[in-house]
Amino acid sequence: MIRAGIVGGTGYTGVELLRILALHPEVEIVVVTSRTDAGLRVDALYPSLRKHIDIVFSLPDTARLAQCDVVFFATPNGTAMLMAEELLERGVKVIDLSADFRLQDAEQWRHWYGMAHACPDLIRRAVYGLPEVNREAIKQADLIACPGCYPTAVQLGFLPLVESGLVDVRHLIADVKSGVSGAGRKAELAMLMSETGESFKAYAASGHRHLPEITQGLAQAAGSPVTLTFVPHLTPMIRGIHATLYGQLHGDAADVQMLYERRYRNEPFVDVLPQGSHPDTRNVRGSNHCQISVCQPQGGQTAVVLSVIDNLVKGASGQAVQSMNLMFGFEETLALNTLALYP
Amino acid sequence: MIRAGIVGGTGYTGVELLRILALHPEVEIVVVTSRTDAGLRVDALYPSLRKHIDIVFSLPDTARLAQCDVVFFATPNGTAMLMAEELLERGVKVIDLSADFRLQDAEQWRHWYGMAHACPDLIRRAVYGLPEVNREAIKQADLIACPGCYPTAVQLGFLPLVESGLVDVRHLIADVKSGVSGAGRKAELAMLMSETGESFKAYAASGHRHLPEITQGLAQAAGSPVTLTFVPHLTPMIRGIHATLYGQLHGDAADVQMLYERRYRNEPFVDVLPQGSHPDTRNVRGSNHCQISVCQPQGGQTAVVLSVIDNLVKGASGQAVQSMNLMFGFEETLALNTLALYP
Amino acid sequence: MIRAGIVGGTGYTGVELLRILALHPEVEIVVVTSRTDAGLRVDALYPSLRKHIDIVFSLPDTARLAQCDVVFFATPNGTAMLMAEELLERGVKVIDLSADFRLQDAEQWRHWYGMAHACPDLIRRAVYGLPEVNREAIKQADLIACPGCYPTAVQLGFLPLVESGLVDVRHLIADVKSGVSGAGRKAELAMLMSETGESFKAYAASGHRHLPEITQGLAQAAGSPVTLTFVPHLTPMIRGIHATLYGQLHGDAADVQMLYERRYRNEPFVDVLPQGSHPDTRNVRGSNHCQISVCQPQGGQTAVVLSVIDNLVKGASGQAVQSMNLMFGFEETLALNTLALYP
Amino acid sequence: MIRAGIVGGTGYTGVELLRILALHPEVEIVVVTSRTDAGLRVDALYPSLRKHIDIVFSLPDTARLAQCDVVFFATPNGTAMLMAEELLERGVKVIDLSADFRLQDAEQWRHWYGMAHACPDLIRRAVYGLPEVNREAIKQADLIACPGCYPTAVQLGFLPLVESGLVDVRHLIADVKSGVSGAGRKAELAMLMSETGESFKAYAASGHRHLPEITQGLAQAAGSPVTLTFVPHLTPMIRGIHATLYGQLHGDAADVQMLYERRYRNEPFVDVLPQGSHPDTRNVRGSNHCQISVCQPQGGQTAVVLSVIDNLVKGASGQAVQSMNLMFGFEETLALNTLALYP
């Protein structure tokens, strides 16, 4: 039984961590912080947790957090980088769900996130928490940078093609659609149901913060720079990401179906669907799975990959717990072996 | 470990049984029948079950079902009453999620369901599977009539008032709103998303099949006939029932809040919210809980009860598994101790 | 051709006024004010108005508004009462979509709206803009208090029963469901799509501001005090209100269907559906119509009335334009004769 | 005043024609046919049309239809081709909203639609009803093949790039998202709200019937064959199409913004948004407009075009009326000059 703390427990990734960890047989949640709701019972804010979480939001306090074995940061960008160092020094493992440690280049981070990085030295120590790429490193890590939701769906979808060298990495396209919970629990006009319901739109077409994270990962997989056009969209549903990926195949059409099946054969949370399938995002709603299908329309040179995840589970809190399981030597699927809600 | 069969595994209550039972530590699913999809892998129809259910739909066959310890009927009305007797004779426990054994009066059943009852003798043997009323009888039963979704939400909401005699049972009103999954998985024009999305409507205002089931239960609780006006509505969401109940209190305003808290103090799946709360249906989405709040607007004589459930869980498959747990001596909450998906 | 101004053009009732008035053959929109967006083109904020509205938001300025023939207030409560007097003195007709002039009793207004009324003398001058009750008074008025959305649906639904004395006015129940646009265009956590989508809830069950407005209107129609239990609910759709109304009939069951048809026979915007119908809110989405049906379940003493409107049209901006048409001697249906969007 | 008939008035494009034509000042609707609902009042099936359409569905009958000046086919594929010839011979103009006359190559039609074409001779006589390309031909035509919804959004989005030769037409990608009304008003399991709500999916990724229609149009614009990868998706909303288009620019980055503005400067229903905009589908909900924006992410060689329409208006019935207006010499925008519903 380990002791876990959550910094920033009032956002969607925070409450999703609570939902998962409340039923984790090896974890006791001992601290949940919130600046705005300190003093309030967690289950008063989230009545779905009644009878399962008997704890009160507290102010973030490093001394108190230092009594945990692991601390999750479910905070806006820029918070974890201020507190991680002290916790690490005190022997606490840190799992950051924000973007603070995702980019290896602090200068690039400043460019996309609009502030200087507070602890560039820690960046190298952080392991990018995508188990399908970094499983062994995660096991050894004490600081995890959890991948973003878009990057998880896009990288898992492209990896087999990119790693195998079958695709032209200078012309990759990722057309990705996200449910509205991806925007977080923030009072914003643009995210009202009256604004986002019954409508579909692209946003940040000229450049989204997840772009450098994705290209960093794909470049590593390719062993060379990649050029990606990434257009995110908002779709009127709450949970789910659907990535539609396009790549130009080199030379002869390979058996991409088999390539994908082989790559993910032993992965507990990546599932390649039979040829001809189209994954619905609902297949993975509330679960930690990624479902993928792949095809070559009209037998042509363009490979189309469809990759779906739940943005709050495999795209955030579920993947964070998957890393935690690896870091503490638990079974990788512990507390994550749930089934999607259907319908 | 018991062996379970599901007759009618392709509807929403069927697949919800599969979702719950797949993770039940004491149950092995050995038969899932479907007339239309026999021969198909269950996870080909329901990709959300991939990696968890390794079974093929088969034609309904009593001999095969008789090898089970328990058989669930997740069938349209009129099917279970044709097969239950034979299974019972062979020592199989039967849990019927349809309406076949809910009404004690076969004549009334014929009136509301438009066909003669095939085995009126069995009706008496059936126990109405509402554990909050019939827990001990359920433990002894071999034939369970699972309550309908509306009747579950309405009865749990009204019971404390009706049992205590505090309310005028000749003037009860139940204004109930259901998500569209309550209509089942049937190809009907009226249930297309284009028809039900972004719109709200009442239906069957002049009389719905669940009315006699509710009044039967409430009359039993009251020890006298009750008169209920019940108006069901369709609300544009998939899961959830919200019952808004109105009753005229006798004499002085009693402390209804305490009445409710006391009545349900020991119930694992009924949760009375603090005074002033309004339960969202999302609080219980995907979980077996019923959340209830109660108030007397303007301190007046009218009690207003708000009662929410997930129509497919506490209103159907979850409640069926709760009965099964009781019948087989398992912990009542086994495999049901999950948390609602939020957001 | 009259000159119209809109104060508070950035909310949903403001933009709905723009949508309707932009195609009104007798109206020129000359001022649209917004404190937050002054200087911005209206169609930059609302691209749906491109090619139809060539105007820039300006700061509210009485001198400029005084050049209008009519000024609409689509503002939060408490604004119109500060500006109306001066405009009226300058001969401008004022149509207030907020609650400032709805309640005849300034003390009651203070109680429900939490502030003292700034110009109680004007309250008497204001005509309650429900044409189905006050048509002739509206024609003569220079200050209109537009009814709230809930009050419109509930009053139109109850009026025939209450006016005719057929119903017990001490035990009226209004269970009303609203789409989320009723909450307005405000950045509130509770109105995010992640919070309101796929969920249903009651709110303000112990007392909502629209209660005194409804009872004021019904008491006037009854010629005696009325007691109403009013429970508003939030339903996961954008537009539409569905009121389900319950009343106890006196003595013999009257022919309520004929009563309703007769009451509304000459009303251009109230439509009584054939017996046995259930109106969908989508029937009136985007239109100024109210559709009503009525029944007596099980032939009993309880009358059930179903009444639907579009909260932003007949419940706000459409009804405001209907009043404007009457005030200026235009055809009552001018610019309002549109059809609901289906599906 | 012309006389119009609608064959197949019970589908979504049929009722949308009714909504538009009911308010068209130059059109009298004299026949609306339906095999399934003959004898029923149109407004009994569609209560949104009450007070506006006083007509009864009749069986399809060429003699009766021949009394019309124009007949719209809002039928499944394969019906118009059986009736068009006789109507044309009798001097009736025919506007077909189905796919029967869209493809110039009868053999290709047979391949994609699974049946032999019944009147290949008429194909040449049909004018493809995209006014932005064929305005003059439409004015002279007596047989119009209305474009499909996807083809309208994709062609309008790609035309400026393809006509100007700025883009590599061998590597076009169209990632398109449609609301569920695009599937029509058919009782299909897959289109239930429980199936399509709160989920996102691609379909027909390996080949959709609209592909040959789009490539036919783009090849004509390019003057050379084009290769298009077209992946349609289903998004959980009712109305709207959002096309995200990707093309590789030749040589230097041209000023694509100006190119688009110039191309559509005089088009009443195509609106190029300012640089940096992202059109929401709600901007055009219920209106006949197409809104387009274009950008080159990271200043690169890939042009991204965003194009939105209402699939039932500009993608079907509105565009059909636009063609009708042109054919009969009415103002092109007559009865189409409405504003989108927002929110």
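In this document, chain identifiers A, B, C and D correspond to the written order of the chains, with residue numbering beginning at 1 in each.
In this text, a contact is a pair of C-beta atoms (placed from the backbone, for glycine too) under 8 Å apart; a residue touches a chain by one contact, two chains touch by 3 or more.
This structure is a prediction, so every number in the text was calculated from the model and none was measured.
Novice: Between chain B and chain C, which partner chains are common?
Specialist: Where chain B and chain C share a partner, that partner set is A, D.
Novice: Most remote chain relative to chain A, going by C-alpha centroids?
Specialist: Chain centre farthest from chain A's centre: C.
Novice: Counting only Cα atoms for the centres, state how far chain A is from chain C in Å.
Specialist: Distance between chain centres, rounded to whole Å: 45 Å.
Novice: Express in whole angstrom the distance between the two chain centres, defined as the mean CA positions of chain A and chain B.
Specialist: 36
Novice: Listing for chain C: what residues touch at least two other chains?
Specialist: Only 12, 181, 185, 194-195, 197-198, 236-239, 279-280, 282, 285, 343 qualify.
Novice: Please output the residues of chain C touching chain D within their complex, sorted ascending.
Specialist: Interface residues on the chain C side: 12, 15, 19, 22-23, 44, 46-52, 181, 185, 197-198, 238-239, 271, 273, 277, 279-280, 282-287, 289, 291, 337-343.
Novice: Provide the residue numbers of chain A that touch chain C in the complex, in ascending order.
Specialist: Those residues of chain A that touch chain C are 12, 180-181, 183, 185-189, 191-198, 236-238.
Novice: Taking the touch rule as given, give the residues of chain C at its contact with chain B in the complex, in rising order.
Specialist: Against chain B, chain C makes touches at 171, 173, 175, 177, 179, 194-195, 197-203, 205-207, 227, 229-231, 233, 235-240, 242, 244, 246, 248, 276, 278-282, 285, 295, 297-298, 300, 302, 304, 306, 308, 343.
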